[in-house]
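Multiple structures follow.
Both complexes shown next keep chain A, but they swap its partner, so chain B is in the first and chain C is in the second.
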Partner chain A sequence: MIKRETEGEWVNREESTRIAEKIVRYCSSSGKVNVTIKSWWQGELRWARNRVSSAADRRNLTVTIQRDIDGSVANAETNQTDEESLRSLVRVAERRVLEQNPGQIIPFNNLEEPILPLPDVQIWSDATSGATARTRSSLANRLINGSERSKMIAAGYMEMRVGTRAVLDMDVSGDNKGPKRLESSLADKVFYDEWTHAQCSMTVRHPAGVGSGWAGRSAFGWNLIDAAELADRALDKCLASINPVRIEPGRYTVILEPDAFCELVEPLMGVAPMQRQAAETIRDVGSPFWLSGDEPLQIGRSRLGLKVLDERITISHDPIHPLLGVIPEPGLHSVTWIRNGVLESLQTGHEYARIELDQLVGTPFRPSFRINGGSSTTESMIAGTERGLLVSRLFGVSNTDRKTLLCTGLTRDGLWLIENGKITQAVNNMRFLESPLHAMNQVLDIGQESPVFRPVRNPAGIGVTPAIVPSIKVADFSFTSSIDSI
Partner chain B sequence: MFRSISRRDTIKACANAYAAVSIGPKAFETLYQANSREPDPYLNSRVPDIRSDFVREMLFAGVAAARNAGADYADVRATHLFHRRISGSDSFGWMDTESVTIGIRALKGGYWGFSSGCVWGVADADKLAIRAVDLAAVNAAEGLGREVHLQPKQVFVDEHWENPMDLDPFEVSREEISDYFISLRRFSLTLPDWRMPSPWLGVFNKTRKAFADTDGSYLTQVITNSAGGMSWMLQGKSGSTMSAGLDTQMILSTDGWERFRNPSIRDSIREIHAELKEDVSYPIKPVEVGRYDAVMDSGMVSTMVSSSAGVAAQLDRALGFEANAGGTSYLKDVEGMPGSYRLAPASVSIKAGRSRTGDAATVKWDDEGMAVSDFHIIKDGVFTNYITTRESSSWIKSSESGRSSVACGTSSAPEAVDLPMSHTPNLEMQPGSSNATFKTMVESIDSGIAVKRGNFAMDFQQLNGSGHGTFFEVKNGKRTSLLVGAMILNRAPEFWSSISSIGGADSLTRHVDFSAKGEPQQRVPHSVWAVPVTAGQISVIDSQRKG
Partner chain C sequence: MIEFKSCLRALRSSAKGLYGILPLVIVVISSEIGAQTVFSDPKPLSNFDVYLFPDQCATAVDRVIREIRTQDRTIWDTMPSGQIREVRVWPEKVARTAASCSDRWDPLTVAVSEFGFLYPLYLTAGKQEAALKYRRRSMEYMQAFGADSTAVLIRRSLDAHARNRPVQIYLIDSLVRAAEELAPETTRNETIGPEWRAEKNWELRRLAIMAGDSSLAMIAAQRAEKDWLSIKRTADNSQWYSSSVGAALLNNAFVHHKSRIEALKVSVTGYMDLVRKQERKVVQGQGASRNEAIGTQLPPIEAKYWFPEKPVNSIPESGKISLVLTLNHVCAQGVRHPSVATCHRVFAQLRRIASRFPSLDIVILSYIEGFFQSQYPVDADKEAELKRAWLMDNRKLPGVFAIEDGASMRLPAPDNRIIDLFWTLPTMNAYTHGLNERRARGHMLLELTLIDRAGQVLWSKSSPRRDDERMLLEIIEVLTEKEVTK
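This part shows the complex of A and B:
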């Protein structure tokens, strides 16, 4: 293992265990305690107008405890790990528990979940944790050079992050008369994960604002990101997008590049649309996968088992896939949501699975997915298009109807007209009004899959959110208006 | 190693405290407990008071370390944020969150370095300062030439400010807060036909912040803000369902608890009830695509003010510094537009600033130690000023006029762990001279639409937007039906130039928006004061019917 310049910038397993042990000792009565310690370090570099505009190196942590005493649950959080702060944290949570009526607060984490295996995921890269400020700086200047030489202006961002999470979930045994005396270390009871996350993206614009191109990629490993290729691609797109012309809105055959396709399907892959509970209500509550309800029988039926998309579409997630690792959660198994267009699984919590489905393990939500690709290339799809549009990227996608998942949003950083198998000109960006469900029922061709830009926004959030998505060619994609923003 | 306030620092602080005690209770109070009011028992008393010598020494240690490491300029910020969230329905729960951070920004050779963490202490301030200078130096060595000119500023030393309020929400017990919300909820349930009153929510933040820089500044501030909410739903006979809440009454602000205790809130609940009851009573009809005269309520207008005049006027954005993040700006001719670009009729003026008591972004000094001052973004319809920082204010200098922009204290960041940047300040759209209100403006149009509880979502240049909300058809000055699926498409300049009337002072209401920018993204709140407007020939489409 290489010596990391960043060594010691995050809370390691031993420190996490020590913090957790202290918290358990400070608990003043029996009950349950859940300790979650998250920490992160990240090295950041931004550039704009062909110069590095800021370089940063930041770190922080959170210690969150949840106390459960006789069914009353309370939480408190700090980012300080000295003894007095941790004592104060426990006192605040316990005081809050005592002020409640039993069972009054719904716990954030269900402490009653069965013990389930953790998947063995791949989310750590020495290339990310070991990248230095000089690495970032040298690379950024190389990426800027291409734009500088072409008299274009570049803005971009590069980030390397290390995150950790330690969770201790235990009964605080013993009497109610004072601090606990732990007979042994809790090291074997603390679940500890470390992960890395890297991202690089770049926008190249014409100095007069008449063209713009973008490329980006995120991954757990910095070595998985070809930054030079991203810079070349962003520059090429910018040069190809200069002086777009206006075309009439309407329905077009579109080729969505992987990043654009990913942004279109985001509203489908969220927590709400894929929730089985919402799809099996007696009355329709707006789930796209609700089928019917029977009031006398008090039964709701979802579309599970029915064809909902084109048969070439398969959406799945396997946490042990080398490019789809996420922070491991108990019971996070491989799942196929939609297989060959047929709805095969929906998200279920372990509790719903046990009570309603008589299954021990649910199918938890995961912030990662894969849409299987085909064999076509973007070039071959263009060659096979008589008239259509090539879409580079989408912006501001928002849902206007929960049931149909009809969405509106804009194209950004490159939109091109395809005529007779060739890109003929750059065109003005347009507003679209389309449903990912409809689009994936109008599939003409599927391109090769590739990892996309899907960075984690909040360092203390859910860790890593990778996705693998192909480019796709879709008929009758609806555009409602042309816009003049570039 | 990752640790909190170091032992050495604690010993040092204790020694200072002891020394303070030895010279009398008043000095001790100044050192650790400057605020003589009874402290909240839930606050972590271990964290030194922001006005203590401990914090002062830590910040100046960081400044000195940066200077010794060769920084041309450096500033050090420390924040202690205490966040309290109280929520419930007929009972309540609460959660306290504390965050203590420090961040050091250094300039060397025209490049910036920033380093931050969550450990308060002299040794750690030294370490962060050296790292910040190293980061700047690495980029200065690797990069092409870059110059930074910081606008001169008045230097304030040992000044302190707290936002004024009558009742600090952290001095009000959680029980009193919850009892009050529960009483409001119970009162609301006495009104007929509500469906599912939402759980109520109170959110309170106290940010203690300190700032020092190589210019010699030393400033401390305590900013307390609060927000709350409760909403209700009502279903009409035609099947339409609508919800509304205490949006303007409890919006995020730096007012104290007294604003929540305003007796008129019960009147507001009655008004919301009556309004919702009327709104759901209209028959539903599909929207017909076309152009309409439209009356938009102040909430909807506030989102256009915030985006097309607030976000778009950020100079860094206009020059492409945010191109890889949120986007650029339609106000892109940075030399030619200020003072000459007519965006709106002369009746429209939009002021910006951070000095107004109670507003969400109000402070006395910004995160560069600049005293805040008010300025116009739009004056009599003409775009006049960009939003700038000490650095970016030098980026505009017209060679012909010699005019340059002036930084007015708009640099900020959520906490010290975040790099400060230029964020949108509070905005105020000047009301019209008439007594026009949303209601009278609707009454004055023969045929058109009215939009309530709406907002605009703008594109990556803040130029083209889509307007969403609750749409009504208006005939002969009266609302006649509820339009389903309606969505406005517009360009910001056309929106502003199509305004035919604006509401009067009585219709001016405060809203809140968040300036979201940067990589990694930061979100900083600001207030937006706006009035309802009537705009002509607004393009409306059916958002549920594809083209």
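This part shows the complex of A and C:
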């Protein structure tokens, strides 16, 4: 097996097991111990004005332990893995436990949680984890060359990331007599998972600032990203968007390409709008799916079971979909949020499910979704449009009203006028004021679905955030002003 | 370095026109950075001569502190966890570093512009005289630029004191006095007025507690309260006003506790008059049921189940002091929920109180919910027994456990929520002072109420904290002493 140059940059399964075993040995009191070891590595390269402007290679780790002694729980965390630091880590947690709740109490067996199955997700790629600084720099060279030959200016970013997580949850026996011996390795008891994430995006602009094109893609596997195709697409869009004309703002029929549509539905596909608890408060707290308050029962009613979108829209998430994998959690299951326009599920935390629904497991929300596509192509949608706009990308989308999800933002990197079934002009960018809920109730046609650019922002964050979104044709999309910036 | 050289060769041969990348790649793979691993931080430098400016010195001191925090945990974990952050003294290594580094700057000649870095350095180094001289000089200098500049300097000084250990309280008191002398006017950078003064005094109170100066803490708290009470609600400050009233309520018990105890020693009636007067002053007519409950008579506890057995006399029993704890759903069922930590804290408090005052009548109050943990529906007898096992056997709560009769229902699909109308139950409602509505903090109220021999509410608190427990213990102590005296 060829050793990858990037190996050793993150904490692998063997190293995680060794750290966990040390911690267990240092536990001096009986009870439960939970060890969580997280690490990440990231290689990145950025270019602007056809030259590489920054390159970096970053990594970090955290070791967190939780001691549960007689029902009292305390945590401690470090980023050091030497013997003394780990020993101190255990000591700090155990001291905190003792302070919380002195006294010996018998564990309450009824509180044991059932073991929930883990979904088998696909989020690891050797192509991503094995990419080196050399890989990135040579590829950037090729991506830039095309723009340079066309006398355009390119800027872009590519990133490869690895994240790991190891969790050990076990009962330990202790007698306060110092480190104990482990009779067998804990390798089988350590739950370990690792994931990769890659992204590449590129903007090509005209040197005079009269045209701009963009393309991007993110995925867990670098091999799923065709960087050369992205460069070509960004260049083509740039050349097609040169010298735009100004048109009057107003309501237009628009064809949103998948990346633009994804940007529009982002405000909907977040934890806050999809939260069931917020939709079931007695007073409206701004949830888009709150229906009414029920004074006698002192509860709120949500729109669960009611039609909220066009019947052609189905929004779901399946963690075992080959392109929609997220970091697995016990009990994570496929969920259909909106089926044929009817609100079928809302996000419930385990806590809410236990208190309100008497269920052990809620419906967790994961930053990944799929909106089912149709059979139309973008070309056929253009051909069927008498007058409208083709939107390549939206930018700076911000929510102005939590209840209606009314959003504002700008078009960017390509906006074209469609007349009599043909693209006739590049158009100046415009500001829009529209709600994704309104747009998805004004659907004229749905195109084919495809994976979009939806990268993870925080290296220490939640791993991967894929989405599959179709292009969509919407009537009466509201633009409020034309802007000069290109 | 081999890797670096090979990378360099590869770049030179393949990336024509990409020489802009070279310095950046050097950053990534140069030996200094490359030598770092995920397991180690950069070592702090010890040659202070290389530092030319106070900010470099401050950074060096920070590095020493960080290194000690992350690697030398044995220093910290010898103290109780809650106090580690608050009262620990910088190790000698930190003070030595700060002293060596700050030696070269004379407080009477060094530029005032270095205040932000140099003042904390003097404090860390233990050079209190130098710090005082430098601050006086800087204050005099800043006064020429107006009140807002002085205010900024005061804020920075207080921030530095808040971070420094040990707390040098005599340096801080004069700072707050200087803050009070500033004119109550609105300026560009700082709003100097009652709110500003109250905040600074509240900070002083916190620092005085950390420094163990209780009399100064009391004085500072009274000053803060005076300012809070002078604030009137306006359209501009409504949010701030609410939080300041909340802070004043918190402060109220702290400030007036001593006088209340003195009044209680004389007579219960005098104590209640004082409490009513003080609480009314604080809430300014906003109405707070818990405060209004002080001095009222609560009805006898009516329950369907009693464990271990129903008392012969009704509770509260005339001539005896009673303590009643109402349990919310999470505490009564031991639901795995973040707020269960509060339950454990209150349970521990209850055990401590019971062991100190065995003659106290302690009643734990819950109600039939129709389910237990993940079991629904559950027969009322079984639910009562499960709750008894959880609270009396497992949590070893003292006193008697009363369960009021109740009922629940499940809403039809897709809602599926379980609804219990607990706020309609007379006993639960009375002993949570009418606050136990679903809309009140999501029915998570955990109310502890002290009732005197005449059946009047003397003290009540939701989810009591350690300070509340201390005050409660003093009140019970006075009451029991009065009994002995009789």
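One rule holds for everything that comes next: the second predicted complex is superposed on the first by the 398 of 486 C-alpha atoms of A that agree within 3 Å, B and C clash if a C-alpha of one lies under 4 Å from a C-alpha of the other, contacts with A are read in each partner's own complex, and residues count from 1 in each chain.
The rule is simple: a residue touches a chain if its C-beta (ideal position, glycine included) is under 8 Å from a C-beta of that chain, and two chains touch if they have at least 3 such contacts.
Predicted model, so just to flag it, every value in this text is computed and none were measured.
A.B. asks: In the superposed arrangement, which partner chain does A:S485 touch: chain B (first), chain C (second), both, or neither?
C.D. replies: Only chain B; A:S485 stays clear of chain C.
A.B. asks: Of chain B and chain C, which one touches more of chain A's residues?
C.D. replies: It is B that touches the greater number of chain A residues.
A.B. asks: Please indicate which partner A:D232 is in contact with in the superposed arrangement: first for chain B, second for chain C, both, or neither.
C.D. replies: In the superposed model, A:D232 contacts neither chain B nor chain C.
A.B. asks: When the two structures are overlaid on chain A, which partner does A:D358 contact: first (chain B), second (chain C), both, or neither?
C.D. replies: second
A.B. asks: Is A:G250 contacted by the first partner chain B, the second partner chain C, both or neither?
C.D. replies: first
A.B. asks: In the overlaid three-chain picture, which partner chain does A:N141 touch, first (chain B) or second (chain C), both, or neither?
C.D. replies: So A:N141 meets both chain B and chain C here.
A.B. asks: After superposition on the shared chain, which partner residues are touched by A:A56: those of chain B (first), chain C (second), both, or neither?
C.D. replies: both
A.B. asks: For A:L297, decide between first (touching chain B), second (touching chain C), both and neither.
C.D. replies: A:L297: touches chain C, not chain B.
A.B. asks: With the two structures laid over each other on chain A, which partner does A:D126 touch: chain B (first), chain C (second), both, or neither?
C.D. replies: In the superposed model, A:D126 contacts neither chain B nor chain C.
A.B. asks: With both complexes overlaid on chain A, does A:G156 touch chain B (first), chain C (second), both or neither?
C.D. replies: In the superposed model, A:G156 contacts chain B only, not chain C.
A.B. asks: Under the contact rule defined above, give the chain A residues that sit at the interface with chain B and also at the interface with chain C.
C.D. replies: Residues 9-11, 39, 51-57, 59-61, 74, 78-82, 84-85, 88, 92, 95-96, 99-101, 105, 133-134, 137-138, 141, which sit in both footprints.
A.B. asks: Which residues of chain A touch chain B in the complex?
C.D. replies: Those residues of chain A that touch chain B are 8-11, 15, 39, 42, 44-46, 48-61, 74-82, 84-85, 88, 92, 95-96, 99-101, 104-105, 133-134, 137-138, 141, 144, 148, 153, 155-157, 159, 201-203, 205, 209, 212, 214, 249-251, 395-396, 398, 400-401, 406, 408, 410, 412, 429, 431, 433-434, 457, 459, 478-481, 483-486.
A.B. asks: Which bits of chain B are touching chain A when the two form their complex?
C.D. replies: 1-5, 42, 44-47, 91, 93-101, 103, 111-118, 131-132, 134-136, 138-139, 142-144, 146, 174, 316, 319-325, 327-328, 330, 332, 417-419, 457, 459-461, 463-464, 466, 468, 487, 489, 491, 519-521, 541, 543-544, 546-547
A.B. asks: Please name which positions on chain A make contact with chain C in the complex.
C.D. replies: Spelled out, the residues of chain A in touch with chain C are 5, 9-11, 39, 51-57, 59-61, 71-74, 78-82, 84-85, 88-89, 91-92, 95-96, 99-103, 105-108, 110-111, 113, 133-134, 137-138, 140-141, 280-283, 297-299, 301-302, 304-305, 344, 350-351, 354-360.
A.B. asks: Write out the stretch or stretches of chain C touching chain A in their complex.
C.D. replies: 3, 7, 10-11, 14-15, 18, 20-21, 24-25, 27-29, 38-39, 70-71, 73-74, 76-77, 80-82, 329-330, 334-338, 341, 344-345, 347-348, 351, 371, 373-376, 386, 389-390, 393-396, 413-419, 421, 423, 437-439
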